[in-house]
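What follows is a pair of complexes built around subunit A, which joins subunit B in one and subunit C in the other.
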Partner chain A sequence: MATLKLKNLSKRYGKTVWGAKDINLEVNDKEFIVLLGPSGCGKTTTMRMIAGLEEVTQGIIYIDEKDVTFLPPRKRDISMVFQSYAVWPHLTVSDNIAFPLRLKNLKSAEIEKRVKEVSSLTKIEEYLERFPRQLSGGQRQRVALARALVVQPKVFLMDEPLSNLDAKLRVKMRTEMKAIHKKTQATTVFVTHDQAEAMSMADRIVIMKDGSIVQEGSTDDVYFDCEDMFVAGFIGTPPTNFLSMELGEKNGKLLLVNSAFSFEPIGENYEILKNYSGKQVIMGVRPESMQVFKEKKPESVFSREVLVTEPQGSHQIVAIELDDQIVKIVAPPFPKVNPGEIVHIGFEHDRIMFFNPETEKRIRKA
Partner chain B sequence: MTLNQSVTLEPHKSGFPWKKVIPYILIAPTVIYYIIFWIRPVLTSIIQSFTPEIGTGFTVENYSRIFNDPVFWQAVVNTGIFVIISVTLEFVVAFGLALIINKKFKGSSLLLAIALIPMALPPVAVGAMWSSGFATYGWLNSLLMSMGLIGEGEKILFLAGSDFQSLMLIIIIDAWQVIPFMMTILLAGLQGIPKESIEAGYVFGGTRFKVLRKITMPMLKPSIQTALILRIISAIQVWLIIVLIFGFRRIPVLLEEVVFFQEQVQNEYKLALAYSVIVALVVSVVAVFYLKVSGAFKGDEEQ
Partner chain C sequence: MSHKVLRAKQTKKLIGRTIFYMFIVFIIMVILLPIYFLLSISFMSDQEAYDWPIPLGLSFQGEFKIEPVLGTSEYLVSVYSRSQEAYMSLIQGSKIDQMSEFLRNKTNCNVSEEKLNEAIAEVNALYETNSNRINTLTEEISNLEKKILSLNQNIIKAKRNLSIVEGRESMEAVEEKLRADLKQYEAEKEIITVEIEEKKAELTPLNSTHFKVFKNLFANYVTFFKVTRDSIPALMRSIQVALLTVFIALTIGGMSGYAFARYVFKGKNILKLSTLFVRMFPGIAIAMPMVIILAEMGFYDKPIGLSLVYSVGQIALTIWITASIFMGIPVELEEAAQVFGRTRVGAFIHITLPLALPGLAASAMYAFIGSWAETAQAIVLTQFNPTFPVVVYQTMVGAKGMVNLIAAGGVTMALPAVLFTILIRKYILQMWGGVKV
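Take a look at the complex of A and B:
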């Protein structure tokens, strides 16, 4: 097992289009890292450069401190699970898995032993003599996984491996893959556009946009401590609510004002905003960091009529309209809130994030 | 009437079993066409080939004359050599070209368009073009002279070589025309192979050659089979180009003999028929043998 380091990795298509730009990333030994982003953000390009399937325009790739930037894939000590599985249709399952080992000229007893090991790990022992076309999508996926595991690579690459499975199987495979990773302890880079997948599997999430890394950190980091409005809006369902606020001053006190309500930034928020008096900021609040009260309470900031509610069983989503914008709030399942009802709304102040409306970057304490 | 009341479901009866008959009615025109225009003439030729040229009655005279004719054996050998060398050569070159064009580099589609030109030419035009090229005062010698590769007195007598050299000349001309056809089939097959399957080959330790040998070619097998079987059959049936360049009976091949006895000689019609039967038999045997060996029949059982 090993480390992976990307230094200023860039890929240019044609003369001006950058598929990935200045990617700097260090993946630690045994770490499970997820590249997450919308389609076209460069996550797959980055992974393909690591695999050696895409030429690097600029930058260096180190695997275990060794520069592999210009090595062919077979000399990089990596393995990969492809989105379409890419199991070879003309070979049986066991030949598919054994293929990389045969190319390494391993003894057949050793090959047999290792094929057996991984096929029991991925639960495909019964299908070893079948051809891929006789397997379901989920089973083929397991074959692809077994083939990738059998080579015991330094770095394990997975390119949206679960995206072709149905929703239920996807959730199941997620857990299984995490368990397999725990057993094999392989350094892994996993590409996905599914944030639930990323959050549940990753030791560390790397969020990409337009070919660059926007933020990297643990699930909690990227969820609660967003670097910019893109991350705050991309991660979480429903996404973060963004409210345009102006910072006013009244009786020597700082005040956050919009057309519907105003309140005083307290504690940490005061420290963050004290130099922004008279300026516009964007307030980002997660739906579950807002509270809905049936009666007016001291902590409620404003009142609004409920537009619709979406019961979810474990919680309910309450939607209100504010400045021609829908604001969604995640509330406990009881007491039930009904559309048309006037509710009183408060904030968890230490969970509010403030962003600069021009740069869309997070405003942090000076 | 309550909903719970039981109802006896009777099978829907109709007088005539249309469902069973309709498929036969639909296929009937094809079968009839096939019988009239294919099976009948084939059977007639076979039967006629066992009758004497003049008169009636059963005879194997036509066949024994063919088998005792040294030109027939010469034709068998020539055809055999032609098939083996031309199919091998054409496959290798066509496969190489298909791999190159499949790379989708700048100008690959232009290259494809150029490569396809010979396929569009009819064999007669190809024969005319190359026979004028290989003539002693033909355009090929002029070209070589103008390029300064040969002098005035060093004109190459392309058409005056040994039989084997002449056959090679034919193979080259034929390859020139047929390679685009094979390449098209192989290229279509290559484009049907998912990119990730090939990439997986490289990721899992394959060199270019290993991936080609162990992944690309097995996955291309249906296309390779199609290209080879079509090509083998048409190679056994070569004759027009040979006749256009060398005339009859200079380089005898099987089908050329059929045409020779039918068109060039009077009153040898039955002999020509016997020859046709032999050629048809050779083609069928070779085709079935090839498909058997290459495992084309086995493919269906695995499905």
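Take a look at the complex of A and C:
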């Protein structure tokens, strides 16, 4: 197993379209890294450059400290699961899996052994003699996975391997693939646009936007400690609520004000905001970092009429209107809140994130 | 669901199925009937081919009848015609060798001299034993025929008189009588005709004998190759031209098709369309200037020259077929092969090529058929080394009106293309089922 390092990696299509721009990333040995971002943000481009299927415009790719930027795919010691699976239709399942091994001139006994191992790991032993057209989508996906695993590559690449499966199977495969990773300990780059998939599988998530990396970190990092408004808005369902606030001063104290309410930033938040007096900031607060009370409490900051509620079983989503903007709050399932009811709303102050309205970047402690 | 409804539904289904099969059979008939017709004509003898209506079924033997011609030493040979359901006279003569040859040419049946001699001996023996009866019968028949002759004269006379008196006043009595006479003559004639028929029917087995001879089904083909100048070398040249064309069209057209399918480049659509323009010009128009170019290259009157000219049109078609085939094969399959150890070329050869084989086979077939049977350009572009279609064409022009011979030529022309298609049928049929990926 091995490490992967991307240095200033860029890809330009034609004269102006940047598929990926200045990607810097280090993947540690045995790490499971997920590239996450909306469609068209350059995940596939980045992955194809790592695989050697796309010519690099700028930058260097290291696998195990070795520069592989200009090596053809077969010499990079990688393997890949394609979004469309790319299982060869004219070969049986076992021939598909054995294909990379045969090219390595392994003995047939060894090939057989490894095919067997990997097919039991991916649970396709029964289908070895079938042709791909005789398999379901999920089974084909397993074949693609088995073929990629069997070569025991240095780096394992997967481009949205689960996106063509139905929702239930997708969730099941997540768990299975995670278990397989635990067993094989392969250094993995996994691409997805599905944040739930990313969060549940990743050791580290790399969030991309418009061809560049905007943030990388653990699931908790990218969820609770967002670098900018894009990440805060992209990760989490329902997404982060953004409230436009002005920093005022009253009686020598800082005060966050908008048209509906005002409150005093306390603790950390004071430290963060103390240089922003008189300026506009954007307050980002996750739906579950807000509290809904039926009675007025000291913690509550303002009151509002409930617009709608969405019961979800384990919790309920309460929507209120604030400055022509819908704010969603995730509340415990009980007590039940009803539309039209006046509720009192508070914040978990240490979970609030502040952003610069111009740069959309996070405002951190100076 | 009640029993009745179920029953009605089943009936409906049955009717639907029946109509469906009738439709399919109809389609097959429309496609196959002309081919069957051509084939069966190619197996027919001259005599059969000019029968009307032309018999549709194949016959494998001919039925002959031989009888002595009374008063001469000659014999009359007839053959049974299936469409007339009667014996048709073919030849009357006394020279056995000439008769045998004539019968062989006319009916494609191997009527040997021995067979004829045998039949003649038989019919002579028959004549000996029945001579008395035959003589009486012939006499009776000739008497009866004389009677008919006089009756005919009477009838004509009566009719003439009738036309004179008809419609005149005061002649009604005469007219009446004439009519009665006419009626009587005709009745008499009918009776005598029947009598003659009976007598003849009795006579036929007494003074004639029948024999059956197997037909040589391929006689027309043999004749065709005999009368066609240089047919075997021309056939070889044609196969050479067709295979060369397939090779050129498939390599160049296939590669361009791949490029069209896989790469984005400027002017792709215009280029793609322009390949079609090539096919819009009549081949013969391209052939004319080609004579000069080929002559300069030293390829005039050579198979390679012809196949170069044919390739121009075939490449265009091949590009279109293969491009759509390659487009149907996902690039990822090739990329996966590259990731798992193949070079670019290796991925193409081991993954894309086997998957494209049906399409390639289909375009090979088109190229083969298109260049194999081409006549117009070949006439212009060859001189001393004509291809098969050219010599067939020449024979057809020469064999004016010999439908069966021409049919044999046509079938011979189709044969290599059919063979070629049968050889690659596995891939062609796959193509019909669509490339499954």
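Quick note on the criterion: the second predicted complex is superposed on the first by the 366 of 366 C-alpha atoms of A that agree within 3 Å, B and C clash if a C-alpha of one lies under 4 Å from a C-alpha of the other, contacts with A are read in each partner's own complex, and residues count from 1 in each chain.
Rule of thumb we're sticking to: a residue touches a chain if its C-beta (ideal position, glycine included) is under 8 Å from a C-beta of that chain, and two chains touch if they have at least 3 such contacts.
Keep in mind that what you see is a predicted model, and the values were worked out from it rather than measured.
When both complexes are superposed on subunit A, subunit B and subunit C occupy overlapping space and clash.
Touch criterion not met for A:217: it reaches neither subunit B nor subunit C. By the touch criterion defined above, A:284 reaches neither subunit B nor subunit C. Touch criterion not met for A:265: it reaches neither subunit B nor subunit C.
Of the two partner chains placed by the overlay, subunit B and subunit C both lie in contact with A:147. When the shared chain is aligned, subunit B and subunit C each come close enough to touch A:72. Of the two partner chains placed around the shared chain by superposition, subunit B and subunit C are both touched by A:88.
The contact surfaces that subunit B and subunit C form on subunit A in the two complexes overlap at residues 51-53, 72-74, 78-80, 82-84, 86, 88-90, 99-100, 103-104, 133, 147, 151. Of all residues in subunit A, only 51-53, 72-74, 78-80, 82-84, 86, 88-90, 99-100, 103-104, 133, 147, 151 touch subunit C in the complex they form. Within the complex, the subunit C residues that touch subunit A are 330, 332-333, 335-344, 351, 354-355, 436-437. Across the complex, subunit B meets subunit A through its residues 194, 196-197, 199-207, 210, 214-215, 218-219, 221, 302-303. By the touch criterion stated above, subunit A contacts subunit B in their complex at residues 51-53, 72-74, 78-80, 82-84, 86-91, 99-100, 103-104, 131, 133, 147, 151.
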